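First chain A sits with chain B, and in the next complex the same chain sits with chain C.
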Partner chain A sequence: MIAYLVNLATLVCINAILAVTLNFIMGYAGIFSLAHAVFFGVGAYVAAFIALQWTDSLLLQLPAAMLVAGLISVALALPALRVRGDYFVAASLGFQVLAATVFSEWKSVTGGIGGLVGIPPASIGGHAFTDPVEFLALAGVTLVLVVVLTATIVRSSFGRSLKAIRDSESAALAFGKNVALIKTLSVFYSTAICAVAGVLYADYLSFINVESFTIDASTLFMAMVIVGGIGTVWGPVVGAVLLTLLPAALTYLPFLPRTEIGSVQQMIYGLAMVLLMIFKPDGLMGIKRGEA
Partner chain B sequence: MLQALKLPVQPMTEPMTLLEIANLTKSFGGVKAVEDVSLHLREGIITTLVGPNGAGKTTLFNLITGHLRPTGGDIRWQGQSIVGTSPWKIARLGVARTFQDLRLFSHMTVFENVLTVMEKSAWFWQSEAGSVSERHRRVHEILDATRLLHKADVRANDLAYAERKFLSMARIMATNAKMWLLDEPASGLDPRSYDRFVALLRSEVRRGITICIIEHNLEIVVSISDRISFLDQGRLLADGEPEEILGNPELSSIYFGERS
Partner chain C sequence: MLLLQLIINGIQVGALYGLTAVGFSLIFGATKIFHFAHGASFAISAYIFYYLYAVLLVWWPISILASCFVVVAFGVALDRYVYGPIQSTDGSFFTIFVGSFGVAVVVQNLIGTVFGRGFISVPSALSKSVELAPGLYVAPAAGIAVVTAVACFVGLQLFLGRTNIGIALRALSESSALVRTFGLNPKAISTCAFALGSLLVVPAAVLTSMTSGLNAAIGGRVMLISVAATIVGGVGSLRGAACAGLLLGIAENLALWRFDPQWSEAVMFLILFAFIVLRPSGFFGRVATS
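Right after this comes the complex of A and B.
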């Protein structure tokens, strides 16, 4: 039972990092991306590839994964950020579908549909995180660092510039904000930290395949942000906790046949979203409209 | 015939030109929003752009700030052409503006709206903007001058109409721009707010700010303008001292729609 809870808590931490980083661009930069799972995947594959080929050292896997994910996102962001609003969502959706195909077809790197197996546990300075409780501590500390760092950025001059661009891009330009640079930096940060979650995920499960990095995952991360409260510090964490634990909680309902859990879960998601948009449109942690 | 209305310029007494617009044209498809406009915006004075809706006044602002690219002609800032320069660079050269629809940073607080304008760099380190405490003190001063201090922590969205107008002014005061382009900043204000607004503009001009303002309210136009430029259907019909422009019966018939 303890092992089961530790497992859930670790996944909650990883999902929370993903939600926090997605919220950074959605809530503060106004960039709605349906491709967040791609960068989660890039982080995971880079970590797995390095772990299987060279070293299990986190200190090498982390920067490599962050750099690869960040650079890919910037290469895409430069042209994509020229299209505005709704069109960017469509462009990111297209990229998500494309990337999922690459993940499942590029067999020499990603292992194809079957994925990569037998990824060795991560280590720092020769200490391997084989004990699940130790790994949970690692994931928890990482989450705390990510939340603190993100909150610090949001409250800095950079964060204010981001929010200004979100609220009115043309006014931000008219007040001397280098909009393209600021957006690109924010995308780089968001995807690089997103890749950190990917590294933890690959090292924790020791098995990854394309299933975890599809459009379904991207939608789930977006749901976490919206349910918890977009543009808030703790909202995405709350959203990640709820949406990770919900499927687990459903398995404890005795009257539900195990085979039906999947569809019941979808119905509950749908219902919860509708109710939330009616009663708390800014998310559970959201500031009520009209309040200062 | 209308060209003849253009008044002669007296170079001896005129202050220096800060921004020069030369034969500027902007077409949207077949429509010429701005057509062959030449205009000098002179340092240290208030130039008012008047003219009916659709005369091309806001388009002219958008062309100056780089939000739109001209189809033809040139815009020179202190002698240098700024056509094709991105809006944020033009802003940093010293041209700031307000918008007719305000475009406040609506989910940020009043304080943040003003503060973010002072923060010049995209990085955490603000090399030109002074220390954090200096910036906070300056925001405090500006909010005091615009009487928004008691609303500092309120989101821009939650302000009353007149307060939003003054926040738009507070934001432009936070730039260190030499020239302000103000797009109907006083529209919809009550008479008491007018007076405060005019006093605010006057004190900023005394500080050395050059202002170009789009305004419909003739009372305000009369009380603030050092020069008036009259636009209609994208063309500059007249440019001169307030008395000359406002005393011209042909212009006022265009303005008040008594076109024959």
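Right after this comes the complex of A and C.
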């Protein structure tokens, strides 16, 4: 039972990191990306590749994964500079589909559809995180760091510029803000930290395949942010907790066949998204936004 | 010969993509709602047809009519009970997108639960290929697809150009305030746009169920294609959406000439991506909305 709870808590931490970073670009920069799972995947694959080929050292895997994800984020920043709103959502969807194909076809690196197995547990300075409780602590500390760092950035002048761009790009430009640079940096930050979650995920499960990084995953991450409350500090964390625990809670319903749990879960959060948009567009933790 | 075969397949698929995209573009043009659940309409229509025609063995015109009826009801219900309330409180793109996307997720999973996630196809003589020239196979469905698509498109143009409702629809896409000034009800016209746009998916859904088959995730795919075709063609241009649908269909099939089938979708999105970065207003677009 303890092992089960520790496992859930670790996954909650990883998902919360993803939701917090997605919220950073969605809620503050107004960039509605449906390609977040791509960067999660990039982080996971980079970590797995390094761990299998060279070293299990987390201190090497993390910067490498963040760098690669950050570089790939240019593919997301480029359309974000050109278009907004629906157009960008479509572009990010296209990018997600493209990336999922690469994940499942680039067999020498990603292991194809079968994925990569037997990823050794991560280690820092020779100490391997083999005990699940230790790993939970690692994930928890990372989550806290990410939340604090993100909240600090949002409150800094950079964060204010970001919100200014979200609310009116031309006004921000008129005030002399370098809109292109700010947007690119925010996407870079979001995707690099997203890759950290990917590294933790790969090292924790010791098995990854393309299934975890498809459009369904991107939708789930977006649902976490929206259900919790977009543009708030705690909203994404609450959303991640709720949506990660939902499938676990559903297994306690005896009348549900096991094979249907995934789709019942998706139906519930789909419905939650629709109802929230009708009745409470700011999400569970949402405070009424001002003149947004 | 392979190239010719691929082009013919591309035209067949592309005609249907074009038709679906025109429906999406019509809704978006008139109501400014990015109807992500358009793919869900497609899936509902295709599965209703499959269930009536292939499982209950109902006569095909009745199956098609029933499918039309359900899909129009679905489109209108969405407009009334989901988009309407959202627009009356907070009309931002984001809330509408999320609401619409949520509906798409629910429908996809409902279909998966009810009909199973496997691949199904409606058996029909129309999809049996005939060898026209050595190595060149064409099924009657290809001809039907092209003829239906052209007929629907011409019919739609006549409807938009000649009838009062059609003119009102075009007026709504220009300015909803002005429509109200002229004593018309924008809500009623937007309901029409949803009914008409949803109806346009039926021919494509029925033919797709016979030729390439269905699975529960088809709605998502169709949604992506419609969105891609609308953007590549230029938002607000029905002609653009139709041409872009055709182009995407051909590109997807031509990609098979050099790449494995898994890449055909990726090729399509590369085109979309290139358009968004290089020419966001599409071929026939007016001004890029920012």
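As a working rule, the second predicted complex is superposed on the first by the 279 of 292 C-alpha atoms of A that agree within 3 Å, B and C clash if a C-alpha of one lies under 4 Å from a C-alpha of the other, contacts with A are read in each partner's own complex, and residues count from 1 in each chain.
Rule of thumb we're sticking to: a residue touches a chain if its C-beta (ideal position, glycine included) is under 8 Å from a C-beta of that chain, and two chains touch if they have at least 3 such contacts.
It should be emphasised that the depicted structure is a prediction, and the values quoted were computed from it without experimental measurement.
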Could you tell me whether chain B and chain C fit or clash when both sit on chain A in the superposition? fit
State whether A:G231 touches chain B only (first), chain C only (second), both chains, or neither. first
State whether A:L145 touches chain B only (first), chain C only (second), both chains, or neither. neither
Return, as a multiple of 10 degrees, the angle whose vertex is the Cα centre of chain A and whose sides reach the Cα centres of chain B and chain C. 80
Quick one: classify A:A171 as touching chain B (first), chain C (second), both or neither. first
Between chain B (first) and chain C (second), which does A:M273 come into contact with in this model arrangement: first, second, both, or neither? second
I want to verify the contact counts: of chain B and chain C, which reaches more residues of chain A? C
Can A:L59 be said to touch chain B (first), chain C (second), both, or neither? neither
Partner chain in contact with A:L78 - chain B first, chain C second, else both or neither: second
After superposing the two complexes on chain A, what is the shortest C-alpha distance between chain B and chain C, in Å? 11
On chain A, positions contacted by chain B and by chain C: 292
So in the complex, the part of chain C that touches chain A is made up of which residues? 34, 82, 85-86, 89-90, 92-99, 101-106, 108-110, 112-113, 220, 224, 227-228, 231, 260, 262-263, 265-266, 269-270, 272-273, 276-277, 280, 288-290
Where on chain B is chain A touching in the complex? 65, 67, 86-89, 91-92, 96-97, 99, 103-109, 112, 115-117, 119-124, 126, 153-155, 158, 171, 175
Could you please specify the touching residues of chain A with respect to chain C in the complex? 32, 78-79, 82-91, 93-95, 97-98, 101-102, 104-105, 169, 215, 219, 222, 226, 230, 260, 263-264, 266-267, 269-274, 276-278, 281, 292
So in the complex, the part of chain A that touches chain B is made up of which residues? 156-158, 160-161, 163-164, 166-168, 170-179, 181-182, 185, 231, 290-292
